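Take a look at the structure below.
Chain nomenclature is as follows: A, B, C and D, assigned in order of appearance, with residue numbering initiated at 1 for each chain independently.
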Amino acid sequence: MIRILVTEAAIDLAAELEGLERAGGGAVASFTGLVRDDGGVEELFLEHYPGATDEALAKLAAEAENRWSLAAATVIHRVGAMTPGERIVFVGTAAAHRSAALDACAFLIDRLKTDAPFWKRETRGQDARWVGERESDRHAADRWKRP
Amino acid sequence: MIRILVTEAAIDLAAELEGLERAGGGAVASFTGLVRDDGGVEELFLEHYPGATDEALAKLAAEAENRWSLAAATVIHRVGAMTPGERIVFVGTAAAHRSAALDACAFLIDRLKTDAPFWKRETRGQDARWVGERESDRHAADRWKRP
Amino acid sequence: MAAVDLLYFAWVRESIGIGHERATPPAEVADVAGLIDWLAARGGGYAEALADKTRLRAAVDQLFVPLDASIAGAREIALFPPVTGG
Amino acid sequence: MAAVDLLYFAWVRESIGIGHERATPPAEVADVAGLIDWLAARGGGYAEALADKTRLRAAVDQLFVPLDASIAGAREIALFPPVTGG
């Protein structure tokens, strides 16, 4: 059971986790990313590639479901304007075994960072700037490549 | 900020995650273990060593907090009688970086399985039996040992 | 080649000033890199956004591709900076 | 040695029939394994629960210890199966 959502609305963590719990795996792992204040950020704006985003996330979720025999996988990404403390991204997995749920959750957030077409712009006062690529994100995504 | 709880009450996932989010790390990871039906289990009873449980969990949480520079760590374990679908255990971590939150979360649940004095008894009809040690749990815990 | 939808995102979109246009590249434009050079030659915001190819990524028909990927038969080509979601 | 609190958990507790007792092992009982043998010699549920040491784990004063750990000065000794929480 795969659930993909790209939305301007706030992420309802409790509802999402309950959905994963009902999938019947017994082990549920989740990752939530929040907007950070990072030196006075007032607004974080998330742009995306509407035609391609859902498909990129669904592809990652299907890969994870397959590789770790998941009972369920959920990937939700906010777009539009947000303020510090708000949830940007939620990844949740349900599986029969905890290592499958945990590894698949880490895989999904690592790969989402490099494979899904989202871009962040931070606004501090009058200064708006697009966030640059992080080398560490590429390394994190690479470790999931299989021989 | 470490929160340890051993309780007969249901685990309030939403409240626990919001507490972790407020710690200000930006990245929150969680793991929830649920009672599984496993071939007709009607009741799962969790026994623990009251004097030693809190301390064992606090020690693991402190080790994780230290090793991954966590903003917060929460470990909650149910004791007493439960039915399939209920939450047995919750582990949550908050950190500045996602890999720290995710790794610390996996560490905590892996080590809890081998280092904290809890015992499970499953009841199926008239048959009540204590769950046996799992070799795979010991391997999972061992991988966090450092040279 | 036929007309193609061009999409721009993030600072590429902001520099160029629009997020979407249709264009018909000349036949000698064979790959994404060639398309970028052809667009940059328009000058202004295009030149500014597209001058440094190491800062650019692309998708052809919604699939991420390297800049030497062919654009033959493409209906939609997107140009953008490295992604920074999550 | 002095009186010590003995705690039993899970099927060890169920076989022995009680979860807690105070006892004063003789001076020659030096380690956890020796304590187990001394208790097993009582027969009945003790013998049944404590016959196979490979199935037993122990804590001395609430710290997990191997079965060859000394019990000198211990105030509380717990005997139980491998843990299965989480």
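Keep this in mind: contacts are C-beta pairs under 8 Å (C-beta built on N, C-alpha and C of every residue); 3 or more make two chains touch, one makes a residue touch a chain.
Computed from a predicted structure; not experimentally measured.
Visitor: Compute the shortest path length in steps from chain B to chain C over the network of touching chains.
Guide: 2
Visitor: I'd like to verify one number: the distance from the centre of chain A to the centre of chain D, where each centre is the average of its C-alpha atoms, in whole angstrom.
Guide: About 49 Å separates the centre of chain A from that of chain D.
Visitor: Provide the C-alpha centroid distance between chain A and chain C, rounded to the nearest whole angstrom.
Guide: So the centre of chain A lies 26 Å away from the centre of chain C.
Visitor: Find the geometric centre of each of chain C and chain D from their Cα atoms only, then give the gap between the two centres in Å, rounded to an integer.
Guide: Using C-alpha averages as centres, the distance is 73 Å.
Visitor: Among the residues of chain D, pick out those that touch two or more other chains and give their numbers.
Guide: Within chain D, the residues that touch at least two other chains are 86.
Visitor: Multi-chain contacts only, two chains or more: what residues does chain B have there?
Guide: 33, 98, 109
Visitor: State which pairs of chains touch, listing all of them.
Guide: Pairs of chains that touch one another: A-B, A-C, B-D.
Visitor: Show which residues of chain B lie in contact with chain A when the two form their complex.
Guide: 13-14, 17-18, 21, 25-37, 85, 87, 96, 98-99, 101-102, 105-106, 109-110, 140
Visitor: Could you list, by residue number, the parts of chain C that touch chain A in their complex?
Guide: Residues of chain C touching chain A: 7, 9-11, 13, 59, 62, 64, 76, 78, 80-86.
Visitor: Which positions of chain B touch chain D when the two form their complex?
Guide: Contact set of chain B toward chain D: 33, 46-49, 51-52, 55, 77, 88-89, 109, 112-121, 130-134, 137.
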